[in-house]
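Note that subunit A is present in both complexes that follow, paired respectively with subunit B and with subunit C.
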Partner chain A sequence: MPEPVLAPPVLTLAGVAKSFALTAALADVSLELMPGEIHALVGENGAGKSTLIKIMTGVHQPDEGTIRLAGTAVTITDTQAAQRLGIAAIYQEPMVFPDLDVAENIFISHRDQGLLMDWRRLHEAASSQIARLGVTLDVRRAASGLTLAEQQTVEIARAISLDVKVLIMDEPTASLSAHEVARLMAIARTLKDQGVAVLYITHRLEEVFELADRVTVLRDGRHISTRPITEVTPDALVRDMVGRAVDHFVPKAAAGPHGELVLRVRGLAREGVFTGVGFDLHAGEVLCFSGLVGSRRTDIGLALFGIQPATTGTIELDGRAVLIESPEAAMRHGIAYVSEDRRKLGLAMALPITANISLASLRRLLGKLGLIDRRAELAMAEKHKERLNIRTHSVALEVGKLSGGNQQKVMLAKWLETEPRLLIFDEPTRGIDVGAKTEVHAIINDLAAQGVAIIVISSDLPEVMALADRVLVMREGRQMGIFAIEDATPEGIMSLATGERPADAA
Partner chain B sequence: MRRLVRWELLLLVILAVTIVINSAMSPMFLTIGNQINLFQLSIEKIIVALMMTLVIINGEIDLSVASMMGLAACAFGWLFQLGVPAGVAIPMVLALGLLGGAFNAFWITVIGMPSLVVTLAMLIGFRGMARILVEDRGITGFPEWFNALGQQPILGPLPLALLVFAVLFVILLVVLHRSGFGRKVYVIGNSAEVARYSGVAVPRVKALLFIASGFVASLAGLLYTARVSAVRGDVALGFELDIITMVLLGGVSIFGGKGTLWGVLLSILIVLNLRNGMALANITGHLQTGVIGLLLILSVLVPNLVQSARLSFRPGSAAR
Partner chain C sequence: MTGWLQSVHPQTLRVTALALVLALVILFFGSQIDNYYTARMFNRISTSVAIILLIAIGQALVVITRNIDLSVGSIVGFTAYLVGDLLVAQPDLHPLVVVAAAMALGTALGAVNGLLVAYGRVPAIIVTLGTLALYRTLLVEYSDARSITTANLPKWVVELPQATLFSIGNLDIRVTFAIALGVALVVHLALTRLRAARRLYAVGSNPDAAAIAGINAERVVFTAFLLSGALAGLAGFVFLARFGNITVVAGLGFELKSVAAVVVGGVNIFGGSGTVIGVVLGTTLVDVIDNSLTRWALVSEFWRDALLGMLILIAVAADTLMNRYLDRLRRRRHMSELSAGTAPLPRETG
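Let's turn to the complex of A and B:
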C-alpha cells in the first residue's frame, strides 16, 4: 500500500516530550498522519501510547515539541479545542448517555439546535451519519439497550458528525466478538476512503496486518520505528516492541530445587472472565503472570484471594482442596494479595502508617477485651520501617503523605505481617521510582529464599525476566502457555501474549 | 489527624467564649444544677448522637433514629395500654429497637442499598408504625417508678439518662478509639474496598453499627417517655437533624473515616450552652435554630475551604 506521494500530512507531531513528576512518559516522539490512511500504533503496556493520545486530544500538554495540523502549528489546550480542530478519539469503553437515544447521543456536542428540538431533522441527520459508516442502526433506540459494538458505532458517528479529520481508536476491539471486530474494521476502512486519518491503537498484531497502511512502534516513551505494513513482518514488529537488546535481560540463575508443592490449580475459570488456568507452585518459587492489558491476569489473582471467586476448577493448598470464597478465607489459608491499586484497594490513605501495617493482622494485637495493644502496634510498624527501609520521620504519619515507593513498602509490610505462605503481587513496582523498584525486587527475592511461594503479576517484561522462575502467559482470559525461565525470551512471551503465536506452540 | 486536633481546639475556644458570655449574662448559668438541666432537656438526642458518631465515621448514615425513638415510645404506650406491665414492656421495646436496626442492616449490607435511601425510607416507615400504634391519642398514666426514672436524680444529682449518657460515652470511647472493632470502623469509613481487600468483614461491622443504632434509639425513646410521662405519635419528630448536626459540628466527616468522640462531646456542649445563652438573651427559638444551622454550615465549609486553599498553593499536588 504505497503512500500518496504528494499528499501533505494532516497531523504532524515533532519532537514531542512529556514527563510526569520525575518519569519521562514520552521523549522526542514524532509522528505523521496522512489523510486517508490507517496508521497502527503498537507498543507494550507503558510504552507511552496513552500519553500520546492524551496529548493529541488535549488532555495533556506536551513539555516540548510541536503539533501541526495541515501544516499550521496548533496548541491543543483541551478536549474541546481538539474537537474543534477535528481530532476525536474513541476508547475501549465507549461513553454514551444511556437515557438518551442514538440520535441525541450522536449530536450531544452540537450547540446550534436553537430552543426547540426538531426531532425529525435530528433523526434524519443522525441516520445519514450512521449511513456514512456503512452500517444500519435505528437512531430512535435508547442507548442503554445497545451492545458495546453499537455504542462504539454511535461514538464514531458522533466524531464524524463534528467533521473529524483525525480519528483515534484506542484498542477499540478489546472487548468485541470476532463478528463485531470485522464490522468495526469495515467502518475504519470506510472512514479511510472518505479521507479521514485513522490512528489505530491495538495489542492484536493480526489486526495491524489486516488493517493498517503503516505501523509505528513506541517503546519506553520513545519512537522506535514507522514503516509501511508491506515492509514489516510480525517478528520484526515484536522485536521492535520488546526491543532492548535482549542481552540486557538478566534472567535469574537457573532455579535450584524448590520446596514442597504449595499450590496446585487445575481448570480454574470464572465465567466470562478467564478459563482453563492450571499450574503448580512450590515453596520458594516465583511464578510470573505475563500478558497485555485485558488479558485477565489480575482476575486470576483476585480469584485466588477470594475477591472474585472462581466458578469452576480446583485449588489445592498443600495437597488439600480448598474453597476460597472471601479474602478472609484466603487469609486463613495463608494467602496474601498485594494489590496494584494502592490508592483505591491497598491503603487507607488518611490513616497513619501504623494502622495500615497492622490492618491485616489486627487480631494478633488484640487483648482479652478486643482492645489494640498500641505499644505492640508501634513496635510492629517500627520493625517494618527498619526492615523495609520505609523513609519517614514518624510511623504516625498519614500514609497518603508518603511517596509512591514508600507507600508500596507499607502495603508490603501489611501483608508480610500476616506471614503468608503464598504471596500474590499485582504490578508490585508500577509507578514507583527506580531505586524503590530495586528494593522491592530484592524483597521479593528474599521472600522466595525464605520459602514463600510467590506469584507476580507484571506488565513489565524486564521485571518478569528478572524475577521469575517460570512465566505463565495469558491472552484474553486464556492461559497460552508456561515457560521455564531458561526457555523464556521476551519475544516468545510477547508473541504468545499478542496472539501472534498460537497457544499450542508454547 | 492533625486537622482534627486543630478542629477540636477551635471547638474548645468557641465553648469557652460561649461560657464566658453566658456567665456574664446570668450568675445562675455555671451552677451544676443549670448544666445538668441543660443536658437533661436534650439528653435523648445526645445519647443517639454518640452512636451516630460511629455510624457516620463508618461512612454511613442512619436517618431513621428519631422515628425509631418515636416508634419505641409509642410501642411502649401501646403495650402499656394493652395491660403489659411496664417492666415487661421495656425489654420488649428494646428488642424492637434491635429488630428495627437489623432491618436497616439487612437492606444495607445484604442487599447492598445505600444507607441514605434505606434509612430515609425507614424514617417514614417507623414513624408510620408509631402513628398507627397510638393513632391520635396521647397515652399517660405510667407507673410512678417509671416516670421517676426519667425525672428524679438516682445517683447524686444525676438522673438515669445522664448516667446512661456517661456510661455509653465511655463504652463508645473505648470501642471507637481503642478496640479492633473501632479501627475497622475508621478503615471502612476511609475506604470500604481497602477494608475488604484487607480481609475485614465489612458487612458485619456495618450491620453491628446499624443494629446498635436502632437499639440506642429505642433506649432513648424510652428515656424520653419516662421524662415527659406521656406518649404521642409525634415524639422526637425531626430530632435526626439536631442529632446529625451535633455529630458533624464535632468534626466528623460526612464522608466517613474522620472524627473523634471527643469532638462530638465538645460540639454537644457548645450546642447546649449556645442555646441556653441565646435563651438568656431572649433570642427566639427559631433564630436559635438558625444560628445552630449557620454553625453547621461553617463546620462543613471551613475544613473544605482550608483544604482547597492548601491544594491550590501546592502546584502539582492535584495531579493523580
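Let's turn to the complex of A and C:
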C-alpha cells in the first residue's frame, strides 16, 4: 500500500470573499491548514483576520468561496455547527461561565452524558483533559476565581474535549504575562503533537518565529503570502504586512516651530492597563499614538480625559500640575475627547443635530429664566454645519440618520464649541468613507494651525503619516518610543509596535 | 496570604455568613422577647415559612437565570381564591386533584410571563410588573367583591394547617411545612444533580457563552417561569388552607418577601448562582424577623416592610463588596504575575 507523502489538509478555504455593506472585508482568500501544524496568521488591524475567523467558526457566511473539511465541502451555519465539525476558537477574552466550576465549564457542551450529573466522573474527566494540556489546575474551583490565562486553559480544554481538529487562537497572549505566554505556547505545541491544526493569530512576531510552522499574511482583506517559517525573515514579514505602495505615505512636511508647551506628561500609568507613558505636546502640534489593537493607545486618551483616570504619574497643563479624575475636570481644563465609539461615548443618536452639538456647552446657551435659548442653539448648529460641511438638509434631523462621516463632524462640532486647547481624537476616520476622511484630516490640520494641541489615536498607518508631527508608539501598555515624523517609516513603526524591534532601537 | 479565600466557592462563603447572621438574630430576639424559645413560636414561624419558602424557591429559579418574577404575589392570590371557589362549589374533590389544579393554574399564569420574557424578549421586570397588576385586577373582577370563607371550605382543608406529620419533643412538624421542605429537597437535588437544571446556572452566568455552548436559553428561561408559577400556585393552595378567609388582597406583597428571601439567601440578583440551602436560610431569616417584630415591644410592627427593604439592600451591598474584593485579589494576582516576567520599562522620552 503506498504511503501518502503528505497528509491531506484538514481544513481548506478557497476563494473566500465577504463584504459588509459596501466595504469588502475579504476578497479571494485561500488558506490550507494541515493536521499537526501551527499556522500563524498575521496582518495589520483591519486586514481581515477577524472576518476570516468568524467565517471559519460560522458567525459569518462567506459571500463567495468554499470551505472543505478533510476534503468534503461543508457549510458552517453557526458556532454549534463549527463545533460539531471540530472547529473551535478561543479569544483574548475567554468565554467561560464564571459561576460554574472548571470541570462543568469544560463539559458544558457535551450532550450525551445522561440525565444526572456524576460529579466525580466529571471531575476526573476534567482533570485528565487539563492534564492532556500539561498544566495543573484544580477542576473544582469556580471559573470566576481564575486568572485570564487559566480561563483560556479552560476554554482550550473545552475545545479539545470536543475532539477539535482545528483550534483557532485569536490573539490569545495579548494580556498574558511572559510566564503565562510560555505556558500557552507549550499547550499549543502539545496540541500540535496530538495532530490538531492550530491557527494562531498574533501581533507578536517573536511568537510567530518561535511557534509557527507556516505563516500567512493578510492585508486589506487579501491573501498576500503563505510561507514556511524557515523561508521568511521578520523584515520580509513586516514588509508583507505594511506593503502598500511606498509613495502612498506622504509624510507631512516638517512643521515650523510650534507654540508654547501645553501638555507635559511624565510616568503616567493606570494599574494593570498601561505604564511608563511620558511626552510633551505644544500648541499647534499633532501627536499621534500608534500601535496595534490591545496596545492600550486608547486607554491613554481615556486617562487624559478622566474617563479612566491614571493611577500614577503627572499631567501638567501650561506648567501647572493638574489632577484629572473625571471628564468634567478634563473639560474644565480645556480638554476635549472625540471618541472612537460614537454610539457609546460620543453621540445621542435619537436626538437632533442641534441638541448633540450644544450638549457639552449648554451653560453658554442659557437665556432668561435659565432656560435654553433655542434660537442660539440653532445658530450654533448652523455655524458648524457651514464650517465643517455637515451634509444634511436640516439641523433638526436625528443624528442617527446621518452617515458615519457626518456623525463624526457633529461630534467634533460639539467639542469645538467647548473651545478646547487640547483635542484628543480617537480613530477619527474609522468607518467613514474616503471623501469624509480627507475632510476630517483637513479639519484637524486647520485646528492645529489655529494653535490647538492635538492628539490623534490611530491604527491607520497612512493616517498617522499624513497627520502627525510626532509619533508615539505603544505596545502592550508600554511606550516603545516617540519620534519626529521625519525620522519615522511605516516599517519602523510597525516593527516597534509588533515587538520585532525592541524599545531601545527607536 | 489571602489565597485560601479564592479556593472557597463564593457560594459557600455566602451560606456560611447567612447561617451566622440567622443564629445571631435568633439569639438577639431571644434576649429581647420573653418566652421566645417556645413551641408556639416555632409552629407559627414554620407554618408561615411554608408558604414563603415555596414562592421563594420558584423566585430563585427565575433569578438564577438573570430574571425576576414580580407577579408571584398575584399568582398566590389568584390561585388561592379560584381554588377556594372550586372547593366551595365541589367540596368532594380529591385533595390531590385540588393541589394539581392549584399548580396547573399557577403554571398557566407563569407560562404567560415566560412566553413574554423568553420568546417576546421583553425584560422580566416589565413583564412581571405588568402581570402583577393584571392578574390582581382579573381576580378583583372575577371575585365580584365576594370572599371565600372558612365556613364554606371542606373540613380537610381547614384542618390542614394544624395537621402534624410528627413531633420532636413538643415541636410539631406540620404537614404544610413538611411539604415545603420536601419541595426544597427535590429542587436542591435537581439543581445539584440534574443535568438539565445546570443550564439555569449556565444561562444566568454567561448568556453569550451559553448560546455558543448550544444551550437553548429561551427554553431554559421559559421553564424557570413555569416552575415559579407552579410553585406560587402550590403556595396559593397552602395560603388558602392556612387562612381560610380569602379576599382579593390575598398574597399582596409576597413579591417583596420572596425577592428579599432569595437575595438575602445569597442568590445573585445578576444571575448565575444561588443554592436552595441559601434560600431556606434566607426565607427563615426574613420570616423570623417578620414574626419577631410583631412581638418586640421596642419597635412598631409597621417597620416590618422597611426592615425587609433594608435587609435586601444590606444583602446586595455585602454581596457586591465581597465580589469586588475577590475580583481585586484576582487582578492583583494577575498583575504580580505580569510584572514577574516582562521586559524593563522603556526609556522616558518626550
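Basically, the second predicted complex is superposed on the first by the 500 of 506 C-alpha atoms of A that agree within 3 Å, B and C clash if a C-alpha of one lies under 4 Å from a C-alpha of the other, contacts with A are read in each partner's own complex, and residues count from 1 in each chain.
Going forward, contacts are C-beta pairs under 8 Å (C-beta built on N, C-alpha and C of every residue); 3 or more make two chains touch, one makes a residue touch a chain.
A quick note: this is a predicted structure, and the numbers were derived from the prediction, not measured.
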Contacts of A:G195 with subunit B and subunit C, given as first, second, both or neither: neither
Touching partner for A:D280 - first (subunit B), second (subunit C), both, neither: second
First (subunit B), second (subunit C), both or neither touched by A:G15: neither
Partner chain(s) touched by A:K344 [first = subunit B, second = subunit C, both, neither]: first
First, second, both or neither for A:P98, with subunit B first and subunit C second: second
First, second, both or neither for A:G259, with subunit B first and subunit C second: neither
Contacts of A:R478 with subunit B and subunit C, given as first, second, both or neither: second
Touched partner set for A:H179, first subunit B, second subunit C, both or neither: second
Comparing the two partners subunit B and subunit C, which touches a greater set of residues in subunit A: C
Interface residues, subunit B side, partner subunit A - complex: 1, 174, 178-181, 183-184, 186-187, 190-191, 193-201, 257-258, 316, 319
Residues on subunit C engaged by subunit A in the complex (per definition of touch): 6-7, 9-10, 192-196, 198, 201-202, 204-206, 208-215, 268, 272-273, 326, 330-331, 333-335, 337-343, 345-350
Subunit A residues within the subunit C interface of the complex: 79-80, 83, 95-101, 104, 108-109, 111, 113-117, 138, 141-142, 144-149, 176-180, 264-267, 271-272, 275-276, 278-280, 478-482, 502-504, 506
Subunit B partner contacts - residues on subunit A that touch it in the complex: 20-21, 307, 327-328, 330-331, 337, 339, 344-352, 355, 359-360, 362-363, 365-366, 369-372, 396, 398, 414
